[in-house]
């Protein structure tokens, strides 16, 4: 066991035997647990690893194994992030986000903001769709019109409601007008708007055959087996992509995926068995690429009926929760405890924690008493066996929340039944991940907890001040003011706790030692155009 | 010939049974709670989207109309489309069916190659090594859960000795050696259980035939022992053996899902189970119907082999 | 030199951990052109003698003493390969139940031809020709079509004829017939017995060992007869003398219980007591507990087979 | 004192009688009885609760404290196996019990009356047999829920056709034998005939099947739990433990070996018992 784990267990043992107080115990565990997170925060650390990669070489085939299988290639639906992992290599976006959320040129090489509600983007004149159609501003306009088409009902349209109009000024300039002071345009364009071509959409089923201007061209998709992409020679960025071909396979079992990498069948995998991450990192037989925490795991709480209709019960849960042991025992230290959608290493991190110093069993009990549950209560935790971490968290909660008076009953539902429990608001509490935190305010907190949002699964509508804070955040342009507005949203969200953020999963892509350029990005996309293989 | 009339009769019976099965599957799936549209849209479902998707998939029609539509298309050979990816179900089955059939054939062949010779030798030399071996195989083969055996084989041969891949499917036409290596462990896992049953059946069948009078007469007329056993005795013992192989073939079509899961082989069994969880009706209906059809055809084939083996049943002879 | 000579044959069965004698110290000879009847109640060991001669004993039986000679060949010492060549060619056997003697899954023709090919190495055409000829010899009507027929299409009598055809296919020197007609009705019985005599004895001059429990069959077709009781031959000789002047008390008792004699000599007498099982065989003369002339001596001494009259031997203290 | 010694002597005598009658039945029976006793009384002697997590010792190899090691949550594997047996045995006894009752009744009626009733009963049985067991159970558990009782019902439904066919077969055999004709001639009522004459004589092969099917029921339940469709966490089903252990296979092989071995032992016990019953009930086929 790595040094880090032994220390954690030593403390838990002492705490168990009552030799050290709760406060000492938590303080120690947090610092130890936080070491890994702190390490990756230091800029120096990240810069050094990038430079050490050497100069890229052309050619080679990358066989990549993701966890889940892609289901739908149409970018308008953005259905399951495993589909996005593939098609974001086939389409281009106007702008892209780098590891630190800086906005970098994409299809648009430059852009400027004319006034507080109008932007202009200048797109590359040498971009071609994979059906040899020349890419012009008209295609960008068509993309937006398709996204807003009510008949199609594209889910991502929810993130773009502040956009008022999109028009082509000339062949290579697009003007986008928005409601005044909307601060989230660039992140939205960088996360969820892939430019499509009308002819490409209409000539074949966009769900099966994607046509984009991206670095790789779609070749074939053998269901439940693999997807093959090959290099697009007319890509608008000079001498990219480096790889000739990328093969995507989906292997759900961690051990099997790892063996594939170790035996050389694969040269890129999305995840290794978490309990072996530290051991493999030390081993050096396979390479751990620069990681990132952009994947929060949280509790969804049904606020429309007892027992969680009372805010005190939700706050009691916050006080009773011990995020470090969840991170250690369910994610084996490969996740960072966090009470907000982003982790400390993220530029957006506000550091606000209304429940600082938790877990605090006495406060939890007091709150439960206030809510009328002096002798505790039973809560039903709905778990999806198909998502391995959910049943594990459920079983851990059973032990962890008992002292505070919560009797946790873990109920398992296969995916179809789980979604039904969710949409019919029959569930009480459940867990889920959320894969959109490029702009944690607009793409995570807003859709989850704004009373007008269709994805407010907690049916939480009794906090107008939270709605106000969310709208205020949305329509703040100045980065400094936007950061403070985010901190304000986080505080209000924590006070009401319609959702409770647990941990942020540290996602590390593992490759053969001779593979370079792979890294974890805020949009969770696999930018294979930056990847190359030493000869 | 009476045999042809017999087969024709059984084929006629096939239609009502398949029809009954299709109705049963259709209703069973729709009775299970859970709405396919919700699964497709996942967390990003909105009421309007749900309505659009349900309408697209024809889920808003009353059940009997849905069945009529499905049956109509089925009769024209169109198995419908995968709810989620809009891929045609027949394309999906074209990938999945060969995997299950190859796994079934390979494991059955292995089982027959292990069990039949061992069973015969055990019957010829009671108390010999083969006899004790057949007892052990017969007992432990059916007691050890095949998915545990699979895991142990992976632990030893794939992860340990790295002789075989621990999972994954390699297409036959793409890479023959790779395909055989990929199918070896799963087929062996199934073969152990199958041969456990088969060796006992073979042994008792041969023992029973050996005690029949005609064997005494064959030996009395000086026929070589080799010919007595492998021509006459085995042929007579083959009727119960063929019956069991037929039953096992039918079982494997759907039952191998667990081993398909352990080795993550994209077989029909696994398809049916995982798509049932997602309420992907067309795929499950087609999958189950194909399995039921193959199951019935295999039973018919076993009965035909009966007739071929037994002249009296087929009314042969001048 | 006699055709088949059985000398002091003793065969034992393993039952309940102990070896029990089924045939004890039996000797007789079979000459060419002769049918020797071996008669006795069931359980007296007559079939065991047949299987001992053919060396086809079950796995729990063994020849513990004595020898069997086929002309110059010692069958008890012969190797399994030698025996396989011998069986069906020089030494043949037919069984009691014809309906189960043939393999129901193969045509009758096939089962005849495979024997010919095994021993005579005939090619298919020659073997088929020979098979047709054999079927005609044993009296199968329309032999050409019947060649391709299956056993289930034949009656008991017909099946036994086919078995006989197979048995004589390679001109055997000796035929052992173990109760060949017991399962058949009387009219068919006579035909089969005469067929055996004509084909084996008259046409080929072979020897036939006919095992039966029916004295009528013996009378009908045998030249000489040996009466067996509890694993031993108690009396043997040519049929005329035995039938006209049975010497051994058991033989006499057998004849008294025979309705077919046609002489209404009072009620049929049956022999009181039962044939002793293998395990509880009495000492001395096996028959003494049931013998009306039994004396003290009978209990101690087992009388050997002695010449009592010309062509007649008997093992009984009365004639010592 | 001697009375008790006598009684013990007599018991030993009877045990040796069983042992000689059929060694496999004796060994099988001992395994099953031992497991049932250990399982029923586990809460009395086991120091751990099945769900109790010992954060001090996750993934620890077998030690004095944890005889068969602990899982990724530090739960004692030996205790979980014993509680897992409770589920396995419940499913085995329950499903075979229901399956036997329904199957035997249907088989008896079909075999005895034959004709239309036979077809009416047996054709749906064929359709049920055509279904892969796994899919049938998935549909049922999906429809009704995941509790152990549903598992029992689901497996029972799979077993009804099997018992029906075996019972029908042996009923036909018994009916064709003379003494049933005799009884019918004496004007015995159908019901009395079936219950007094046919059932006792036709039940033998079904009992043999029952024991072997109990073993298979345990395999089916653990297989379903293995692929996540049977018993759900945190209940300690053996199949579930095996599935959870799979991802820790290399680091903690005991998490995979122990449950697998546990399943094999109990199924082996039932199979040995089944073989033994077969020898006892029809000695003619001993050792077949």
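Per-chain numbering from 1; labels A, B, C and D assigned in written order.
Just so we're on the same page, contacts are C-beta pairs under 8 Å (C-beta built on N, C-alpha and C of every residue); 3 or more make two chains touch, one makes a residue touch a chain.
Keep in mind the model is a prediction, meaning the values are calculated, not measured.
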(request) Taking CA centroids for every chain, report which one is farthest away from chain A. (result) C
(request) Between A-B and A-D, name the chain pair that shares the greater number of C-beta pairs in contact. (result) A-B
(message) Can you identify the chain nearest the overall CA centroid, using each chain's own CA centroid?
(response) B
(request) Compute the distance, rounded to whole Å, between the mean C-alpha positions of chain A and chain B. (result) 42
(message) For chain A versus chain C, what separation do you get between their C-alpha means, in angstrom?
(response) 94
(message) With centres defined as the mean C-alpha position, give me the chain A-chain D separation in Å.
(response) 47
(message) I'd like the Å distance between the centres of chain B and chain D, where a centre is the mean of that chain's Cα atoms.
(response) 24
(request) At least two other chains touched by the same residue of chain A: list those residues. (result) 253, 255, 386, 414, 416-417
(message) Quick check on chain D: which residues sit in contact with 2+ other chains?
(response) 142, 229, 246, 249-250
(request) Quick one: which residues in chain B touch 2 or more of the other chains? (result) 32-34, 159, 277
(message) Building nodes from the protein chains and edges from chain pairs that touch, which of line, ring, star, complete or other describes the result?
(response) other
(request) Any two chains that touch count here, so list every such pair. (result) A-B, A-D, B-C, B-D
(message) Help me check something: in the complex, which residues belonging to chain D touch chain A?
(response) 51-53, 55-56, 58-59, 72-73, 142, 146, 228-229, 232-234, 246-251
(message) Touching residues of chain C toward chain B in the complex: what are they?
(response) 54, 56, 59, 84-89, 92-95, 97, 100-107, 114-115, 118-119, 145-150, 152-153, 163, 166-167
(request) Sort out for me which residues of chain A touch chain B in the complex. (result) 71-72, 78-80, 150-151, 153, 155, 158, 205, 207-208, 222-225, 249, 251-253, 255-256, 259-260, 263, 265, 386, 414-417, 419-420, 423, 432, 434, 454-455, 457
(request) Can you check the complex and tell me which residues of chain D touch chain B? (result) 123, 126-127, 130-135, 138-139, 142-143, 215, 219, 222-223, 226-227, 229, 239, 242, 246, 249-250, 253, 256-257, 259-260, 263-264, 267-268, 271-272, 275, 285, 288
(message) Please output the residues of chain A touching chain D within their complex, sorted ascending.
(response) 9, 12-13, 16, 253-255, 273, 275-276, 325, 329, 383, 385-386, 388, 391-392, 394-396, 398-399, 410-412, 414, 416-417
